[in-house]
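Note that chain A is present in both complexes that follow, paired respectively with chain B and with chain C.
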Partner chain A sequence: MAYKKPSQKFSGKIREVTVGSGLKLGGESVLPFYKFDGDTGAKPAVGMEIWDVFPESWPQSLKDIFGEYADDPVKWAKFCMEKYNPDFICIRFEGANPEGEDRSPEECARTAERLAGEVPVPLMIAGCDSDEKNAKIFVKIAEALPDKNYVFLSAVEANYKEVGAACGMAYGNIVSAESSVDLNLAKQLNILITQLGVKPEKMVMNPGCAAVGYGFEYVITTMDRIKLAALDQNDATLQMPIVSPVSFETWKVKESAASEEDMPEWGSQEERGIAMEIATAAGVLAAGSNAVILRHPKSVEIIRNFIDELL
Partner chain B sequence: MALNGMEIYKMLPKKNCKECGFPTCLAFAMKLAQGGTQAEKCPYMSDEAKDKLAEATAPPMKTVTFGIGDRAYSLGGENVLFRHEKTFVNKPRFAVMFDDGENADDVAKKINHINAVNYTRISEEMYVEIAAFRCSSQDKQKFISLIKKVTSDCKKVVPMIISEDPDIASAAAEEFAALGPIIYGANEKNCEAMAGIASKHKLLLGVKAEDQAKLYDTVQKIQSMGFRELLLDGGGRSLKTAFDDAVNIRRTALLSKDRTFGYPTVAFVCDMTRDKMMEVAMAALFIEKYASIIVLSDMDYSMALPLFSLRQNIYTDPQRPMRIEQGIYRIGQADEKSPLLVTVDFALTYFIVSGEVERAKVPSWILIPDAGGYSVLTAWASGKLNAKSIAKAIKDFEVEGKLKTRELIIPGKVAVLKSDIEDELPGWKVIVGTREAAALPAFLKEYRQEKAS
Partner chain C sequence: MARFISIGERIHVISPVIRKALQERDPKPIVERAREQVEAGANYLDVNIGPADRDGEELMPWVVKLLQQEFPNTPLCLDTANTKALEAGIKVYDRKAGKPIINSADAGSRIGMIDLAAEYDAMVIGLCAKEGIPRDNDERIQYCTEILDRAMAAGLDPENILFDPLFVVVKGMQDKQQEVLEALRQITEMGFKTTGGLSNVSNGCPKELRGLIEATFCAMAIQCGLTSAIVNPLNRMLMDIIKTADVIKGRNLYCDSYLEL
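Our next item is the complex of A and B:
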């Protein structure tokens, strides 16, 4: 008997969503990186995270790289563009946090506007820990930057109405629907947001992210199930591309955050942080992420090569 | 292929003697087809019928073993392509590659790393299970003395002997047979000799070919010699081709139900890149899909921490909640006056909470009662986390003897338990903490300040 190579053909397809003016996400009709089965769609995108305020809590190794530019998000973004050329920039409005600097929605919108004017790649706009405050800043930013096709991270159960109505409908941007590692919750939120009137091509999703070792199996299994439902069962409510904010999770766990004085046997803190970020990013990409957000330049370089080598 | 009841019935002696415990041969055949009994229960079945049945009922992917004693490991035996379909069974094992052409400093560095990386994470011991040895010198003595050095310096590793020269493989197998090594290097040309060596010492045999089709032919050849303890390598040495091999060998076994590829596979990540961080990315991919042995060029802590954690996550049985042991855990240099928090025994929750407490840099104690292994809200809703279970933990773990504090911080999501707990624990005051773990650092800092003033 001779070898017959197996293959899995599906009737469904992940929706292709255009971010900014030309960054395409999704479009695949096969499992992640299964080039041997068919069309893998757009290459997964790699973006870099910056903050609207100086990232005091970041490990020193990152501050050594970005510190000189990080007092101004425009300077910071330009530095990333020139040196590392990411596919998009994710600006996180940590400064809006009511328990921190509590910056106003107007101030956030001004920052976003300045960035949009100076940065040639699309933006992803992320908020702070407060869902309530995020709704307010997202509305203002979307208003200031209409029809840009920027991605807003994220609409959650608590604020999807305001975020969906403003970002996805009134001002023509893209809404990311965020749920926590449960296929049914992801599906429900996607349905609720489309019922508001947001078009599916103006949506992406984040069905939950975690660092490897921290319940990451739930992330992978939720993503496996979503991709199988989208492809195999042609479930249109789950065919949105997935954006994974990897760096939001991996830099706060102890493997990345513990200093060399605290854990001498663990060796270089910088290497630990990079390896946690890379393993988590490769892990979600292998389960179907269409875009990952990263911090460390080395992670950006490696993950980009990793994607290129697979496709 | 599976057999139905009638097909099995035709192979039985039809004596209806009841010795199998069933009233008739037909009843026995029906039960056997459903997997409700074993073929051995009938003492009168012909050998030929037994073989046929064994073939028909064998799992699609063979479980193979290597190593010895408490360092014996199983590979393969997987039934599903995705963990949510049931569970993954035998986790991949990590190997570090040595080469007998390598300089002594590099060898020493790797030995040090292997010996240093040895820790426990959620009751699983993490260490490098395999040292792989490549014979590039073609010098038998040189090769054997390298294996000797590494296996005597690293007590835990099982060797994987890599050579396509049967003469060298045989000498090394002879020398280290007592460690239960893996012999890797059977190919189209040498497979008869290599299978002979593996079968003589009862070892796992690694089979290699240029591509999947050639591998398929070679495996069939080896199987026809009656040898079936195999580990497969489709020959891909770029990330793309190696991923193709891992996925398609697994799918041939599980989707096409073709047992020619019903064996575990090995991924030589060390040959696909020279960059350590790229190795981490590639190994992460192969942990998820679908290698059973992952060979790296080294394993220091920066590689081990993410990779062992990822493996632990992916190979957790999705049916079983991950629990950590009940008790009182000390975070940082906590003393008898440090804050005391309570949360649940669901490992994920504990890790998030303890991570945030560490981040807060406020030394604290975390009390873990019996909460059924659920998250906070589920544990409370199912009645597992209540005033009684918390009070019991305070007593069982002698908290009143160990600590001076009489304040207990409970998760904000179960604020309703406050008065019940205070009733159960006279002399204690319950403080309602945050709803989300991420808010703990700010909460603890403030709590500590209030205490100080």
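Our next item is the complex of A and C:
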């Protein structure tokens, strides 16, 4: 009997969400990169992280690359675009942190507006460490940039009502539902946000991210199970594309942050940081991320090749 | 594993309101009954038009079109012994939401419904019976096998058959209840899908007990492998139990709001 190649068919499909005017995320009806089984949907997107303030805390190697431009997010974003051509730019409003510069929502909105006017790719808008403050800045930014389909990272359990109502409903942008590596809560939060009235096509999700070695296996199994529920059980509450802010996690762990003076036996700090970022990004992509956010240009290049080679 | 399928039973010619509406081609009562079932969580709607010897070929397409127009996301289970009416219904049926189910074939005079399902790529309920209620599980499995043989000959994938071991009334056939559950287990172990009419179990019992009996039997049957049932979706307890069983069986990922979906 002739060999018949088996293929795994699922009844479910990840929803295709359009970010900005044309960046498509999701749409796959097979496990990540399983192109031999069927439609892998849109190619996973690779974005670059910038800040609204100068990134003092970043390792010197990154400041060597971006430092010249990083005093102004527009200059910074343009540099990234010209040099590395990411699929999107993620602007993180670190300056809004009440513990730091405590910039006002209005000021953040002006920055976002300026950026939107100058950057040709879609934006993802990330906040600071305060959920309460993020709700305030997201509302203002969404209001300043209505119907842009920009992604707001993130709505969490503590602020999903404000963020969902403003970003996802009133001002026509996209809400990212973020939970901290808890499968049941990931589903619950998606349901709560849709029950508010946010349309599923205006949602993505971040079911939690971590650097490799920092509870990463929980991240991977959570993502695996989400994708299986979405595809195999056709669970519509989990069919949102996943956006993973990889760089938010990997650059703060000691493997990336410890200097060569402190840890001479660990070798080049820059290479360590890139390695952590690449390993994490490759892991979450293989577990189903539809977009990753990265910092180092080398990581962007390698992860993009990784995606292109597999698809 | 796919979720449990609840087939709503309330569009039935035995109901005077529905009978009249079908006779007079009055859409309102039919659409109302369909809506209350869809809103209560029915995944499929059974449409029983009775034998409809006189006008089945015209009646079934009418009701199929009516329901699909109003509820495009809810597939239908076409319920009549009238082959011509079934064919006419399937011909106008829109498959976007799912294949139609033919209700039903058996191992006796209605075995030809298997051929009809094969011809039209429909699903079909395969009643493990020939004449009356099967005597025991040997008979049930025998009939199940006969239906399978027919399906193989006709080129119908057994995936498309929902085997119904024939649920029996608890008031009067109490000693047969475990046997029916055992039949479900055996058919499930053979790798097939199953269904059954829950109202059969509670038939003749006081109204206030029927919902409880059906819900309890359903929970027990699900543990034996039952993958779908013909239900009264307005029985809230039953629907909640079905949803909870899907969670416990791992067919649906738990979250605090799972009953609201």
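Note that the second predicted complex is superposed on the first by the 306 of 311 C-alpha atoms of A that agree within 3 Å, B and C clash if a C-alpha of one lies under 4 Å from a C-alpha of the other, contacts with A are read in each partner's own complex, and residues count from 1 in each chain.
The definition used in the following text is that a contact is a pair of C-beta atoms (placed from the backbone, for glycine too) under 8 Å apart; a residue touches a chain by one contact, two chains touch by 3 or more.
In this text the structure is predicted, and so the values were computed from the model without any measurement.
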First (chain B), second (chain C), both or neither touched by A:310: first
Partner contacting more residues of chain A (chain B vs chain C): B
Which superposed partner A:82 touches (first chain B, second chain C, both, neither): neither
Contacts of A:261 with chain B and chain C, given as first, second, both or neither: neither
Touching partner for A:5 - first (chain B), second (chain C), both, neither: first
Partner chain in contact with A:224 - chain B first, chain C second, else both or neither: first
Chain B versus chain C as contact partner of A:147, first or second or both or neither: neither
Residues of chain A contacting chain B in one complex and chain C in the other: 225
Residues of chain B touching chain A in the complex: 82-84, 116, 121, 212-213, 215-217, 220, 238-240, 243-244, 247-248, 251-252, 255-256, 258, 260, 275, 277-278, 280-285, 287-289, 300-303, 305-307, 309-310, 312-314, 316, 318, 348, 351-352, 355, 358-359, 436, 438-439, 442
Chain B partner contacts - residues on chain A that touch it in the complex: 1-6, 8, 33-36, 99, 129, 212-218, 220-221, 224-225, 228, 252-255, 257-258, 265-268, 271-272, 274-276, 278-283, 286-287, 298-299, 302-303, 305-306, 309-311
Interface residues, chain A side, partner chain C - complex: 11, 183-185, 187-188, 191-192, 195, 225, 229, 232-235, 237-238
Touching residues on chain C, where the partner in the complex is chain A: 1-3, 251-257, 260-261
